[in-house]
Each structure stands twice: as structure tokens, then as C-alpha cells.
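Have a look at these structures, which come just after this line.
Common to both upcoming complexes is chain A, partnered first by chain B, then by chain C.
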Partner chain A sequence: MDKAKNSGADAGKVVLKTLPHSKDLKWPMLWWIGMEKIYRTLPWKKTAWTCAAFPIELMWIYDIFPDHPENMATVAAARKQSQRLIEHAEGMGFSRDLCSYCKTNIGSYDTKIKKTLGGISKPDIVVCTNAICDTHWKWFQIMADKMNAPFFMFDIPKWVSGTDEKTLEGNIDYVVDQFYDLMAFVEKHTGKKMSEKRLNKVLGRSMELSDLWREIFEHRKSVPSPYSGAETSAAFFPLVVLPGVKVGINFFKKILADIKTLTTKGEGTMPEGREKYRVMWEGIPFWYRMRFMYDLAQQGVVIAFEPYTYSFAPVKKKCLTMEETLRDVAKLIMDTPYAYNLERRIENFEKWIDEYKLDGVILHENMSCRPSSAGMVDLAEAIMRDKGIPVLILQCDMNDPRAYSEGQIKTRVEGFIELMEANK
Partner chain B sequence: MNKLAYFDTSHEMPLEIIMAAGFIPYKIMGDVHKSTDPADKYLSSFFCPAARSWLTEALAHSKEWAGIIFAQGCNNTNRHYDIWKLHVETPFLHWFGAPLLDSAAAKKYYRVELQRLISHLENQFDVKITAEKIREAIGKSNAIKKKLKSLSSLRSQKDIPNRDYLTAIIKCLTCPVEEVSTWLDSEITLWNSRPAFPSDKKQFLLTGSDITYVEWMDTLDDCGIRVVRDDLSVGERFFATLIPDRNDPLEALIEYYTGIPKPATRPTIQKRLDYLYQALQETKADGVLSQNLKFCEPYAYDSVPVNNALKARGYRVLHLERDFSPAADQQFANRLMAFVEMMDGGNNG
Partner chain C sequence: MITAGIDIGSITAKVAIFENGKLLATKVIFTGYNAEAAGLKVYDEILKEKDINKSVIAKIVSTGYGRNSVKFADKSYTEIMCHATGAHFLNPRIRSIIDIGGQDSKAILLDDKGKVKNFVMNDKCAAGTGRFLEVMARAMEVNLDEFGAMSIKSKQPSKISSLCTVFAESEVISLIAKGEQRQDIIAGIHESIASRISSMIGRVGIKEPVMITGGVARNIGVVHALEKKLGMKIEVSPYAQVNGAIGAAIIAASP
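Take a look at the complex of A and B:
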């Protein structure tokens, strides 16, 4: 993470309290890194590249290590490597207009940078889905071809505004059919077979991890906010690659206990009396500039809720049969808040604004991520109209520092804070 | 007969269902001469300008159409459906979930989506879309495809300006099928009577993002480039294959639409390449022009591996990113002319 994060340590500046156990995040991270080493050493173990919204549990069920190019791209950005990797990919011909996660990954694979800087190695298989974006499959397909690795994609139907139940059922049928295609693919390329017993065990743990994260979010509704986006952006890591294994569960339990202690005492992440504005952050953070969130704190702004990290913890059900389980997982893949259609986005954002007692919303109109940026103007208008709170649309990029314009962003944020103040 | 408009980033819309419902399928392609300001209120400038032009057209003309069907297309535009639902006035808006894959599961899903489209049209317009009507529409579609194919094959033999080819395709995608059919017959006769392929022009295969306006085709002509093959959706993908003859007309449509040459919005790159290789084998081209419309992601992703693969086979490939504008860009023209001049050193392939 960004070393300069609590740059407000200078006299007179606001220092965000970090939860006592937040440093324990290093254990799940080290476990994941250690596991990869083991999986790469033992010939009967296998590895895969996976992407956001892909049911990672399926890989753990098969005892396949899920590597995660997006996650490694965020590491590269936090370690200030992303720009040179993106420029490297652009030098290979990839357009400036393409997703900067993809280009960071292409650059890091091509330049073979170290894992600690965001590097990534060739997997045994490449699996992905278009649940959130087509970028995932375009990117993974290009890389699978380049690495000569077998490629599988889930084709996830779109849950557009107004989709009725019957259509949704047809969509689920299609995804369930593809689970069987995935099973055949995995067996063909890794020799591994699905075990129903393991499926239930992994899904049980995954459910526990999700439930804990959502419980943490319940406590984030408290005023003052005990936990800000500045911390969750790193802490949600177990939801990205560890759903289905134990190690993340213990970490979340400790975080939850810390939060409960704070809320019982009526304390927040900001020093007493400094929390002035509670804000929702929509979109992916600026990974190369995490200090942005700490800079907001200097002006009394706390990120009290963000759909992005919440997206990774859907409500998971315990099902009785394998078919039911697969249907449930299929629905969850389509139901990720990051991919909500405009109608559902408006409905849920307005609900969250009430629940988390928010004073304003910042929408990251991400030039890398057209799917998530589509409809933001309408979303902003609906929120301002229905909830009467200011909305700031910030056009930027999550991994490409060249899109970050310090002066412009500062001015726009100041204007947004003035509006929130006037709205009090 | 009324027009039923459709939003299609490639060639995914089963036009024969629209025809069987008694409508003229009308592909929304925008108007490059009109400002996209009306759409820009809802879509940021980093969305592809073609899609912004389509929304502009819909905002102005939707009342002239019986309805609008969206076919699942590209990353850039799939979520535009929600925006259209909010702002475009139309009595009928339908999302057609054209699958990305062509597996057995995808074909099964395709049938579900076809049946959903049929029932929605039947209920909305009080029509019956019978197997017989679909079969009839397939027959008409195939007749157009055959005529377009013979027309397009004349591009490498006769003096056919690029503009004429694009005009023919656009007409087929927007006008009543009977009118188009007669018009194509006369065009075939006319094109056959044209002089031989001009010796001062080079023969090119065009790939990448679609072109929907003739001015860009004129620019290519002015630079000495004649497009004799392509794999565009407003182009060969529309007529490259015929809808097969099957007892069950839905089966025929499923096979056709999941089997046509792939655009960049559908896997796999290899399948796209296979069509390009085949085209380059059938028609000896001097070079390949790979074009990317600004902000068009699918083709921007593909262009690197596709162009590298073509170059590795010895083809001369020029890649360029173009704007969505009818005005000739002198810088581009210079690059194109320099590339063409450089070719005089020899052939390739």
C-alpha cells in the first residue's frame, strides 16, 4: 500500500485511526504467496488465472491455486510500477484507450517483474467470465494465446434494466450448463475431478467469509464511521482470492471485533469530532494514489461506504443439492453490485445513502472501465433529485497515473465539499 | 410496412425474425454529419462516437420506428441499453441476449432468446410469427446475401469505387428487402459493365471497426486504396455465409448466427483470423488496412495479435486509429499515401 497514506501525521493534520488488527492482513497475504510457491513446486498441484466475478471457490474446490492478474495489477500500481508497465504494453501496440489493468498485466508479464512489484507467472489454465466486462475475456484470451495456456470463459448473460424473473431463469440455465463445460475443461487440462464433499466445504467457508464482511459493513453504518474506504480497499483482499479457505475468515473476525470495540465506545476512524461528511465512493480506487482518501480526511470527509468492496461479498445460500448450489452460484455471478444495471444501481444507491447516512457521493468515471462508467450521469441525476445530496463525478483511471490531474481533482473535490457543507 | 430498428455492434440480430413479424429491419447507424451533443448529455466522450451517434439518431427518430431491439454486442455499449430505456421514447424495447459463445450450451440459450423475442413481438404487435413466415424470411435473406456476394466479388475485377460498395451494404441493412433485391440486380449489371480494375490503385483487405459513412471510403480511394475484401459487419460478415436449410427454421438461424465469421466482440481471435486468411487466399491483396475507430475497445484489443499474425505471414499491414468524422484528415491521408507508395517496391502474400 501507499507509504504516504497517513501523510496527515504532520502537526494539525488529521490522522486516521487504523484498526489494531489491520496489520494482520499480512497473514492472509503471506499465506497466499506461500501457497502459490507450493502449488508451483508440486507437479500434481495446478494454478489458474482468474478474474473478478469468477467464482474463485470453484478453483479451490479443484485444489487449483487462483492467481489474479487484477490483484497483481493493483500491487504494481501501489508499488508505483503501473505507469511503466502500461507504457510498455502501449509500446507493444495496445491502445491508450484500453483498460489499464490489462495493460499493467501485459507489461508485467512481458517484463517479468518480481511478484512483490506486481509480477505474475504463467498458469496451467486461464479461466474468466464476462460478468462485469468483456475486457476480462478479451484480455485473458490474448494472454492465454501468448502463454499457450488452455482458456475457458463463462458467457454470462446481461441482467439489463427491466429483466423479468422468467428471463432471469433462462439466463441462469445457460450459466449452469456452462458449469458442466467448466468441469469437463478442468478435468481435461488438469486431470482434477469435482468432489461434492469439497464443494460443500469450500462454499461453507466462502459463505462465512462473505457474511463476516457484510457484518463489518453493518457496523459501518454507525456514526462516526469506524472503518473507512481507505482501509477496506486493502482489507477486502481475502474476498478476492481466498473465498473458500480458512485464512481470511480469522482476519475478518479480528477486524469485526476491533470495529465492535470502536462502535461500542462511540469512536470512529477519524479523531473525535472531525467526521463532518460521510461519503460513498463508487468505482475502483486510484491504486497509485491511495493518499487521495487520506487527503479527503483532512477536510473531514470519510468514505463510509463503497459498492466496489461490498460487491465481493454477496449473500450466499446453503443449498441441499448440487444443482441448487450451481443455480445459486450462477445467480450470484450475475448479481454483483459492480455490474448492476442502471435501475438496480439507482435503487440500491439510494437505499445505501439512507442506511449509511451519507452526505454525498463520489462517482469514479473510470476511463479504463466503460461498463461501470456507463449511466453515471443518470445515476448522479437520480441521486441528486431523489436524495438531495451532492454527487461528484471524477473522471480518472484506477491504474494509470497519467490520468490523475492533481490540481483539477483538488478543485473539484473542494467544490464538492462546499456543496455538502451548504447542504447541511 | 413499418421499420423496426435494431442496435447491433456487429451482425448478431436475427433479422429474419423481424421480417417474419412483418417489419423492415432497420440497422441504426447514426449520422456522421450530425453533432452527438444530444447523446453526449448521457454518455461520456470516452465512449465510442459511433454509439453516441446511434443514440443521437434514436433520440431524434425513435417515433418513426415501431420499436427497437438491442442485440448484445460490445463492452462499450451493452450497458447503453439502460440509458436508452430511460431516454428514448419507443413503445417496444427489447434486449436480445445474443450469446458470445458457439458451444452447445450457447446454442440452447440462443433458442431461448429467439423464443423470448418471438413472444415479445407477437404480444406487442398482435402478430403470429409462424415457422412458415420465418422460412420465407430466410429465403429472402439468403437471396440478398447471394446477390451481395456476387456484387462484392466484382470489387477486385472492376473499377468499383469504395463508396459504391458501402452504399450497397448500407442499403441492404436499412431498406425493404424487395426494393433492395431489385436494386441489387441492376447494380450487378451496372458493375459488370464497368471498366477493369484501375492499374493505379492497390487492392486492400479492410479489417477492424465498422465504417458507416461513405466519406471515409472516399478518403481511401483518394489515397489509391481499393477495398476488395473485408471482414466488417457492415460488410462481408453480413453475407459471407448463407443461412442453412433446416426443417426447423430456428435451428437454421441458430446455426447461422453462431457460425458466421467472428467479429472482435466474439471469441476467438483464431476464428477471426481464419476468415482473414481465407479471404486473403481467395483474393490476392496488396495490403491490409487495420482500422480502429477511436475508443472502440474490441478491435483495439484484437488489432495487436491479429496484425502481428498477418505480418508474420508476410502481409503488409497498416494500422490506424480514425475519428468518426466525414472530414478528410490530411495527416491520415499522408500516412496512407506513403504506405501505398512504399508498396510499389513489390507484392506480398
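Take a look at the complex of A and C:
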């Protein structure tokens, strides 16, 4: 896979070195695929559709397999299927302006494409939240209707600039109430019961997985960068669907050990002396064209930090009671400074620019994702003003290749590199 | 020292020859379907016309969308850098550049040394570019070179609200069918370009004095519409279309 990604039009000069254990990502992936088969075969096992920002751990606690339409949409894009699926959904009447994950999912379900190409099957229940994405709500509702599957949606208030403690506490109560509604929903439709023992085990592992990812990020502060966004964009998979499961922890431990070895030797992912510009990539990657990140390397650019994968590993607390745990989880779901709190977003970005010694920032203004794209002009202005480094806003889309224009993106990126060079 | 700058755009290929800080010659041809051949052709033709031997050209820099297809160039730079260098050479006071080319438009902010501070480009839609004007000229059955002069006669520009080239074309056709004056429709087209460009510029924050470059700068109607929309005077580069090539030739001469 790395060979293929390193062989784009601009390739030939710089080959990114991947970590020795990066290929071990196949184990959590195979585990996930195998588990789905088991959960779908055994009649007492159940499956659910879930979404980003949904506390996936809850599903593992209930012994329900969490299938993930967005995750499968990225698989479809990486396997070059997303465009035809999106066009299929548009042919069904869904607007061109709708989210490309949503349309890929609708297209893949309707065309019944193979799992290996990003296909997805009907679950026993559909559960979702509008925590980070307002499209989730209607998208999952429509699909639940279509599949005739029971549907539950969490309504999550936003923790924006100026939200006071009293409002926050009230909002936590509101979300925790919905947790209890969810429990009743799950028990009713799957017959599964909550087990406090399992809850503690799953949350403990989820915390460990998050902690490991953040520790990996600590080592990414090293110069040269040992681990670029080109690798993390795939490697963070366990955080998306396997929080609370051991197989992801084992993988992250190996990655961490590899990184420590590299940084001790003072080596990076780029060949010696080739790392010229360390940049932050903000937003969802172009899943249909992951080569983009490898192409950047040809010009000495390494993605040293990306808030997107980092945001999947928040600090999780060990709580003593179930009520306390639910309140902590509720707070975590509401807290998305990467999208809904511009002041904290700017504050975080500027801190990361210093910590990761960054020379520039690329912001993906994603046609499919309003929450992550909103505020980007203000964010860019603040960074340029306060940190004096160039910021590039790239208008594109995460899953729709029709939005990607080779020549235009190349000119923007090269112009951005010229600015970084002049700024040195 | 003699240097050359070659700018391969989506519609035209341009070349500029520089000698010791002075502009010797420029030339423009259509790019056609083969960018590489256009680069070679425009370069060969100017050398022939000016009777310059290839061996005396010390360095060649290419720019524009076809910059990488100019295989004989020593180096390539983006149009952003080259337009900035060209504009700064022509008027060192310039702090902002609006460049409207065949397939894209951009706004570039410069510091007092002519260094690029920031830039913004149109999204991948053709509205607000030279290609958009070409489509409109065809719909209007007017030669594009007459667009500018016709539009400034307009007293009441038509309203073109669509942001899409294809939809704007059908809007124009329906305005023709309604019997609106040709100059009013053309003025409306220019205003729609100005609206689009001004909202793009808003993202970087324009600073005066402003220079307009690129082929569309030759259209006085667009320049007037932009001045009206932005509420400021815009200086038209005397070498609007070859400004990027001039910048490339200057960069080629720099150490």
C-alpha cells in the first residue's frame, strides 16, 4: 500500500518511511471484520449503526457490534467507489449539496456493494447523535426508515464560547437523561442488559487507548517528525470503532515503541535532511486521494500534527459510579472545540503551532462538513496575525472526488510552500 | 544577463525576455491543447523575432498552469509569486494584486518589499474568470474585445444573479429574449464578476494601491465594475496579460 501511495505523479524523489509495525494495523481491522461476521451469524448477538461522536463504548458494553457508516464511506472512497455511490444517491433524489459521507452510505446500502469496497449491511438498531454533525440526525433517520430498523438519536447541546457553568450542568443533565432513554431503547429492541462490570472494563480500555494516542502525539513533537499525517489518518482506526477493545491497545503500544526508537535515534519519517516544512493539516483528509499527503513529502512537507485524529482521543476520567461516568461522557461529547468554539479553537491551534514547531497550516474547507469548515477564515487570520506563519485554505471535499481539481490544488499548495520558504 | 519567463495559462502562453533589469520583449500566443508545444513555440518565436540566440539566455523560469510542461525551464514558480514580482517591478507601491486569468482568479497581498503576504484563489468554478467571459461573449454574439467599450455605455446594468457559468449563460439568453439592451446585459455580466471577485478578496483583506493583472484586465468594463464594487481605484498593469511572464523573467535573473 505504501509503495502505491509513494508512486504518485510527483513521486520518485522522496519515499516516506513507515513505522515497522504500521502494517500491524491489519490486526485490528481483521478483528473488526471477523467480529462483525460473528455478531451477524450468532442469533443472540446484535449489531448497530453508530456515528462519529457517538459513545461507541456503550455498544461494546452492551455486547452490540458497532457498525460505522462514515468509516465504511471512507473505505469506499479509498477503494475508488465513492463517486459512483454518490452519483447513485443523487440519482435517487438526494441533493448534490448534501454531505458526501451521507450520500456514499446511501449509495452503498442501495447498491449492496461488497464490504471490502465499503459496503454496509442492515443493523438491528440505528443509534446516532448530532453532537458534531447536524446531518447525522436526518441521514440516520432516513436510513433507519428505509431499513425498517429501530432508531434512537441523542440531541447534544453545544458547548460554545461563553457557555456558563449553570447552563453546562443543565445540559449535562439533559444528555444523561438521554443515556437512560438509550438504555431503555437498547433493552427493548435487543434484549441486552447493562452490566456495570463490563462498563468498567470497556471504559478502562477506552481510556487506555486514548492515553496511548496522546502519548504518541507527544513524540510527534520531535524534529524530524517520526510519524506523519499520511500514516495517522489510517492508524487512528481503533479510536473510531474499537474504543474499549484490547486489539487496538496492542497496536498502539507497538506504534508507540517504534516511534520512541526513531526519536531516540533522531530519525524521522522523511529521509534524512529532507524535512523542510512541518505543517498542520486541519480537517478530514481526501480519502479518495490519500496520495496527496505523500505528494506533499516530495516537496519536503511533513504533516506533523492534525487536530482531526487527535480529537478522537480526549482525556477520559476514571469514575467511581455509573452516574459519574455518564456525566463525564456527556461532558466529553458536548465539548468539541475543534468545531463549535472558535476562541478555544484558536487558542488550541496556536498552542499546537508552538509545541509541534510548525511552519504552516493547511485548513481543509470541506464542502461536506459545515461544522469543521465554519470559522476557518477567522481562524486563518488569527494564526497569521499571532504566529506569523502562512495558512492555506483548500476548498475541497473528503469523499467526493469531483471536488478535487488537480491543477488548482497543486498551484495553491505550491504557492503556500513558496510562502513558507520566504518566511524561513 | 538575459533571462526568459514563460507563463503557460489555460488560454494563452506568454513569454517575456529581460536584459539587465530591462524588459526587452514579450509575446502572447494561444495555448491550444498542447501546453508543452505552446511553451516551445512562444519561446522559439520570440527569439527568432528579436534575433536572439538561445545560447545567450542565462536562465528560464516557467509559471502558470502549464509550468511543469516547460521541460527546458531551469525552475518553475507559481503564478502567485510571478505576478507579485511582475507587479512590484512595474510599481513598487502596489500592495494588492487582482489577477483574473482564463481559468482562475486570485487576490495577492504584498508587503512593502513586494513579498507575498497572503493569497486567495477562486474555487474550482469558472464563474468570474476569462473563460466565463468567453462563454458570455458567445451567448451575446459579441466579440470579446468589444465587451469593455460596450458595457461602459450602459445606464442600467442588468441583474445576473446566478453564480454558475452555465446557469448565468441561460440567464443571459433569457435577458436577450426579454429584449434588454446588449450593453446593459454585458455591464450586468461584469458586475456579477466584480461581485464574485470582491467576496473572494474579502477573505484576504485588500490593501491599496491595487493593481489588476491577467488577460481580463484588458476589459475596461470589468475594471470599472470592480472599482465601483470595491470603492477604490484600480491600476491596470500596462503589461496585464504578460505580467506573470515578466515576473518569471525577473525571478530568473535574481541570484
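FYI, the second predicted complex is superposed on the first by the 411 of 424 C-alpha atoms of A that agree within 3 Å, B and C clash if a C-alpha of one lies under 4 Å from a C-alpha of the other, contacts with A are read in each partner's own complex, and residues count from 1 in each chain.
Quick note on the criterion: a residue touches a chain if its C-beta (ideal position, glycine included) is under 8 Å from a C-beta of that chain, and two chains touch if they have at least 3 such contacts.
Because the structure is predicted, anything quoted here is derived from the model rather than measured.
After overlaying the two complexes on the shared chain, residue contacts for A:171 are found with chain B alone; chain C is out of touch.
Of the two partner chains placed by the overlay, only chain B lies in contact with A:98; chain C stays clear of it.
Of the two partner chains, chain B is the only one touched by A:371; chain C is not. Shared-chain residue A:395: touches chain B and chain C both.
Using the contact criterion defined above for the overlaid structures, shared-chain residue A:181 touches chain B, although it does not reach chain C. When both complexes are overlaid on chain A, the residue A:415 reaches chain C alone and has no touch with chain B. Of the two partner chains, neither chain B nor chain C is touched by A:15.
By the touch criterion defined above, A:135 reaches chain B but does not reach chain C. Chain A is touched at more residues by one of its partners, and among chain B and chain C that partner is B.
Legend: residue contacts after superposition of the two complexes on their common chain; A:153 is shown touching chain B, with no touch to chain C.
In the superposition on chain A, chain A positions 377, 395 are in contact with chain B in one complex as well as with chain C in the other. Interface residues of chain A facing chain B in the complex, by the touch rule stated above, are 92-95, 97-99, 102, 130, 133-135, 137-139, 141-142, 145-146, 153, 155, 157-158, 160-163, 167, 170-171, 173-174, 177-178, 180-181, 341-343, 365, 367, 370-371, 373-378, 395. Looking at the complex, you find that chain B touches chain A at residues 41-44, 46-47, 70, 72, 74-76, 78-83, 85-86, 95, 97, 99-101, 103-106, 108-109, 112-113, 116, 264-265, 267-270, 292, 294-295, 297-298, 300-305, 307-308, 319, 321. On the side of chain C, the complex with chain A involves touching residues 65, 77-81, 104, 115-116, 118-121, 123-124, 203. On chain A, the positions that touch chain C within their shared complex are 377, 384, 390, 393, 395, 403, 405, 407-408, 411-412, 414-415, 418-419, 422.
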